[in-house]
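Per-chain numbering from 1; labels A, B, C and D assigned in written order.
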Amino acid sequence: MPRITIEEFNKFAGPGAPFVSYFGARLIEIERGTATVLVPFDEKFIRPGGTISGPVIMMAADLVMYAVVLSLVGPKALAVTTNLNVNFLRKPGRKDLLARGSALKHGKRLVVGEVSLYSDGEEEPVAHVTATYSIPPEKNHE
Amino acid sequence: MPRITIEEFNKFAGPGAPFVSYFGARLIEIERGTATVLVPFDEKFIRPGGTISGPVIMMAADLVMYAVVLSLVGPKALAVTTNLNVNFLRKPGRKDLLARGSALKHGKRLVVGEVSLYSDGEEEPVAHVTATYSIPPEKNHE
Amino acid sequence: MPRITIEEFNKFAGPGAPFVSYFGARLIEIERGTATVLVPFDEKFIRPGGTISGPVIMMAADLVMYAVVLSLVGPKALAVTTNLNVNFLRKPGRKDLLARGSALKHGKRLVVGEVSLYSDGEEEPVAHVTATYSIPPEKNHE
Amino acid sequence: MPRITIEEFNKFAGPGAPFVSYFGARLIEIERGTATVLVPFDEKFIRPGGTISGPVIMMAADLVMYAVVLSLVGPKALAVTTNLNVNFLRKPGRKDLLARGSALKHGKRLVVGEVSLYSDGEEEPVAHVTATYSIPPEKNHE
């Protein structure tokens, strides 16, 4: 069982990060150690060259990794990204974006995971991300 | 001399990526191979834990690297990020964000650079980024 | 069908990179777009703290990615790594190391792949790597 | 003042990582938060295409970052790399390799640094690395 539900996550991450709502990103699946975020396509994401801006992809990847981390450790506000590496693989189409994240390691201090991002309906990923989150010590009663 | 001016860059990158204007990010300095982007502080950037969202930092880094690349190759719409790696170093304060980018390598096919990001007025960086851009072949008359 | 066989790869990469033989690393599986490298355990790999040195893991990951790339493009000597990112996940035991690589993208100019590394017999990976190789233009008759 | 000297580092890292001696790598400078490693050129480093193997560069970067970390925290055997990202920028010549590392952040749990690597006598770096080391808690009396 995940240590946070979709509803809790949306309440928790939403109001505390209002710019997420600008992107329309939302968590649609969560299990212990895995999660999926959907970003509905929006014309405002298009950059020169006619493709979706890289930061939209990085935002989706970071958000889904935050959900993966909270699915493992519960609603800790102070879990923060320490490293994120993204490889952009293909030009995303004018389609919804799906970001599927999973944990590679759940340590006491660090959670490491990877995210594959897809244009909705496509089989080949548009980007691949690995990210590390630092988990605050238990004694920090948040 | 940079192969694109601040005015040209803002015209070029701005309308083609409307979400940049959402962040209020703007190029404030450009030389051949270096550039600086300013992101004025906005309450909407704050995430759970009271710090600026990671994606704001990644957006600023990606944008300044785009300016660094265009300062070297001119206004090529199809110059795209292939890899971006970010290390988050310190919690950014409720302050404007400055992203200073510079080229490490200017090859025919790839430009590699690094970006240091600061809270305005602070000496220690809040994040460090390396990124690679792929440059389209000359025959692509864009 | 891979565009290079195990025998061809060992002949090709071996004599041109004698230090590979120091590590005892060898390709044991290759398909089009995937490959596996085995590094038999050796006491000389042990670093302070009693675990296998990080560079042994990076060497294995780079070598298996080279095999993945050559399985797609054939024996091009000038295919070179442009970026490699490694996350160390768990302390490897005093066991043989297996590096399993696969392609995420096979473009004309870049091949991107990922590698999972395991202590032989273990289910959880000891490290995860993503890497990008640059492919020389066809006109370079090597 | 660094919390470890060149002599102490060579004694400490050397016998515990015998494969370092295979490469002939040695620490030649250390200050608090910075260090330099020299890898004398050796024909055995040459890979197909006539350039120095990537793993030699990654080994030098990891070793100099280990020295940077120990210069800050003292001789802790269990300081381990958690992430390393390398961008290969130029083909290194048949020359000695210099790896210059410095700390970007010295936290309680993580040290982050960057390394620039040069062919001896050249001004342009052959590679750039960022790396994160995890520092064991103080209670671990090593």
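Keep this in mind: a contact is a pair of C-beta atoms (placed from the backbone, for glycine too) under 8 Å apart; a residue touches a chain by one contact, two chains touch by 3 or more.
Please read all numbers here as calculations on a predicted model, not as lab measurements.
> So which chain is farthest from chain D, going by the mean of the CA atoms in each chain?
Centroid comparison gives A as the farthest chain from chain D.
> CA centre of chain A versus CA centre of chain B: separation in Å?
Inter-chain centre distance comes to 21 Å.
> Give, as an integer number of Å, the spacing between the C-alpha centres of chain D and chain B.
Chain B and chain D have C-alpha centres separated by 29 Å.
> With centres defined as the mean C-alpha position, give me the chain A-chain D separation in Å.
Distance between chain centres, rounded to whole Å: 32 Å.
> Got the chain D residues that touch at least 2 other chains?
82-83, 85, 87, 132
> Counting only chain pairs that touch, give me the topology of the graph as line, ring, star, complete or other.
complete
> Could you list, by residue number, the parts of chain A that touch chain D in their complex?
Touching chain D: residues 82-83, 85, 109-110, 132, 134 of chain A.
> Residues of chain A touching chain C in their complex?
83, 85, 87, 89-90, 104-105, 112, 114, 124-125, 128, 130, 132
> So in the complex, which bits of chain C are touching chain D?
Listed in rising order, the residues are 12-13, 16-20, 22, 43-49, 51, 53-56, 58-59, 62-63, 77-78, 80-88, 91.
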